[in-house]
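Below are structures written as structure tokens.
Look for subunit A in each of the two complexes below; its partner is subunit B in the first and subunit C in the second.
After this line comes the complex of A and B, so read on.
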């Protein structure tokens, strides 16, 4: 399968693989301690000992980008996973049962989709992650849970709508009608025929979803309500915004990682979808 | 009759979505810790405080408050913007200030994106799968996927901080000098246009490629009409329907969906007002902003349908 992909898709796969490797094995790599202050501050790229430079506090940027990969990707993967689960179940329900269920669920998806995703997550986080007593800061763990929850809410209607469309198409296919007329139970039809056929399109959109979530997470950090200080790509950006003149690498390095990952996720999602389209057109 | 019925059904669904979205937001915002009553009252005794709360309309429950808001909205009143001490000013004043900025930026972004996207789409489709197309298409893909704020921050760094060529903050109205006006908008418009332009060009390319397979194109070419004339006169027009739909859907999104670009460049458009409204518990104003975006969205969708009918008369009598 890998051989059939074009060069751009291959590079994207490799890049995503590398980011996951960073995320999983980051602590084992021979790189600097992300929380250690070094004497060189604001160093540029390819400085001895700090390949990607340091920021104005003297943190090693490579080490921080690796930690950022872990946090940004876990946030994205968990929320897209949860969103696929919720969106998938609702989408299959809407597409398979149809009728009133479908109408209600479609309106629900559209309600969530009609609020721009950044605004929706902004409101949700402002509600769930701010304490009523301004002197007591919200613990980081609660912030993280809230951010994941609100990103899940942002992503589930997208996946729900796609699943619904795909389920509708498969429910009308001849083998499902045949299975129904043979008296197969609905639960069995969904398990045997619908889910295996709908899953590939969920995967494809899930990759796009990871891209969307990484972008929204970065935007939230820039607005000052992301995860804690400097531990995700987005919050590295937020921290670097202030000292652009002194340490430009501290902005450009996480920005490059974030942008490349988003582009790669889009490319992989697109490649999966195209493969799917050609499979379906052959049917 | 059939068609009218369909339009009516589609509109009911859109209205349902509009009401649902604004009501959902109003409920969520009500859950914010620290009610607006704590923010915007300054009376020392309880009696005065209650009076101020009443004056702000904050004594109403969620449903009654929502009902008041929606009746006001139907009459063209965007509701109160809370001020300290129980006074309010109309939200429409803030909208009147921020909407022209958002609309102008949207207009510039659409003009820039379309002027660049149409030739690129034509070129890549005409040269489909040749080297030129491969290179440009890869670039377009990357461009369409790159997050707007990544562009905004890096452009801001290179042109604002490094080269000191362009201002990176603030908005200057046309009345205070056209040159300054454009100078302040180059970076925000560029950061919004690049991803948009790339996705427009990709959409156009795909559709032109499928139009080029039509018999009437072969016919036109075999009659000896020059390639460029066929492309522009025979191919571009019927290929532009998806582009028109996408572009008009983007109008609604661009009016308020540019929260982050608005914030980075401090443009004071609707996007920035939305962020303020959330943090300052201005939930009536927030509802109005979101409703405004949704209404714009609906209007531009209808407009796109009409425009497609003009551009491609074949679609006029089609029962979709």
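After this line comes the complex of A and C, so read on.
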């Protein structure tokens, strides 16, 4: 299957594979300690010893990007996955059942969409994952769970609305009426006719969501409520915001990794969809 | 068995933004088992709504339905949704107009055909596959094993309509509603599909309701014809009788507008001027009066009833055409 893909898709697959490898094995690789200060600050690309340069604090950028992949990707994959699942189920329910269910769920989606996501995360973390006694810090794992939960809340109404719209269109299609006229139960129609048709639009938005989530997580890090060790692409971006003049690499390196990952996700999603979706005839 | 399907005073209204839309007005007809009925009318005459309402497929909340539909002495309008669902597929099935949209684009033909038998008849996967291949052979699809693995986008329109027919026949229904089954197809394929439907109907002793806007389509393929105009049946007769002894001027106008082999080339086909009356406004006189060349003042002020001329030939006209013989 891999051989049949075009070059762009192959590169994308390799890139995503590499990022996951970093996420899993990043700390074991022979690279600098991401938390160590070096004398060279704001070094550009290809500086000796720091191939991707350092930021204005003297952190090695390569080490940060590689090790940061773990936090960024795990948060993005889990929260987007959960958000897609919840949004998908609610969206299909709203679009298929219609009536009051649709009304109530649409209102729920709109309410969650209208809450600014940063403030929502801030409140959730302040309430659920902060301690009144500074000497007894909240465990990192708990903070991670709350961050993932708050990002899931950001993602699910978006997915829910997309899924609802797509479900509405497919529910009124003739093959669904035809399946009904053959005496199919609603659960069978949803499983066999609605979900296979709605999935492509869920994928498309979910892969975009990965990028959104990585950036939002960075904003949380900037406010000091990010993941425990503070090593993630988002937090690198957040820290480097003011340093574009003196240390452009510190902004461009995580940005490039983020952008390439999102583009690769989209491309892989597209390639998967083309393989799985028969509407684009393979004649 | 007589009176296999008995539709009595079936009436369908839709509430729309422009007011109450009276789509089907007090329609009654009967059909014996194994018989075929053609429902003919122009676009908007209510023929599709009639066929869907008969099956009980009108589920939108805006539809108001009254009257009685009896299938083998079971009153369908009083069944719960679940009881009605158990009749769909196994007792009655429907074929839709557009085979492009009536098949799920992301599922293989085989899966779509065997779905009904597996769920409704409890067949195993292997049995359902065998049954599906038999069905594809029945609807004359070449290389059925290969076709099972194809997606709808890999088949031509005619082939897709055959697949639709195979799906509808999968649970051996006793009555098949065909809602303009050939409208989306070109003329040669049209003829093939129609003769396929007729031969299957005779082979399986199945009743059929063929909905179409083309009198030419129903002529050779039905036992009875109901002509619909503005939601009403305006003429109802055995097919042969209808073409031989037209009573309703509307039917006559329809027949005259079919091109014939004897029509000289270059001559204009007669057309029926005007349009259907607005279905949201209640009819005062005869619905066809404004377009009828024989219309009188009586036609415009009084609504004609359906009159039986004997031998089951019914028409809705004050001044029926003379019988020729």
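Here is the rule we use: the second predicted complex is superposed on the first by the 181 of 283 C-alpha atoms of A that agree within 3 Å, B and C clash if a C-alpha of one lies under 4 Å from a C-alpha of the other, contacts with A are read in each partner's own complex, and residues count from 1 in each chain.
The rule is simple: contacts are C-beta pairs under 8 Å (C-beta built on N, C-alpha and C of every residue); 3 or more make two chains touch, one makes a residue touch a chain.
These numbers were taken from a predicted model, which means no experiment stands behind them.
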Touching partner for A:182 - first (subunit B), second (subunit C), both, neither = second
Which superposed partner A:104 touches (first subunit B, second subunit C, both, neither) = neither
On subunit A, which partner touches more residues: subunit B or subunit C?
-> B
Partner chain(s) touched by A:138 [first = subunit B, second = subunit C, both, neither] | neither
Have a look at where A:193 lands relative to subunit B and subunit C in the superposition and call it first, second, both or neither.
-> second
Across the complex, what residues on subunit B touch subunit A?
-> 13, 16-18, 20-21, 24-25, 28-29, 31-34, 138, 141-142, 144-147, 149-150, 153-154, 157, 161-162, 253, 256-257, 259-260, 263-264, 274-275, 278-279, 286, 290, 293-294, 297
In the complex of these two chains, what residues of subunit A are touching subunit C?
-> 99, 173-175, 177-185, 188, 192-193, 196-197, 277-279, 281, 283
Touching residues on subunit C, where the partner in the complex is subunit A = 55, 57, 61, 85-90, 92-94, 96, 98, 101-108, 111, 115-116, 119-120, 151, 153-154, 164, 167-168, 170-171
In their shared complex, subunit B is touched by residues of subunit A numbered 8, 106-108, 110-112, 114-116, 118-119, 122-124, 126-127, 130-132, 134, 211, 215, 218-219, 222-223, 237, 241, 244-245, 248, 251-252, 255, 258-259, 262-263, 265-267, 270
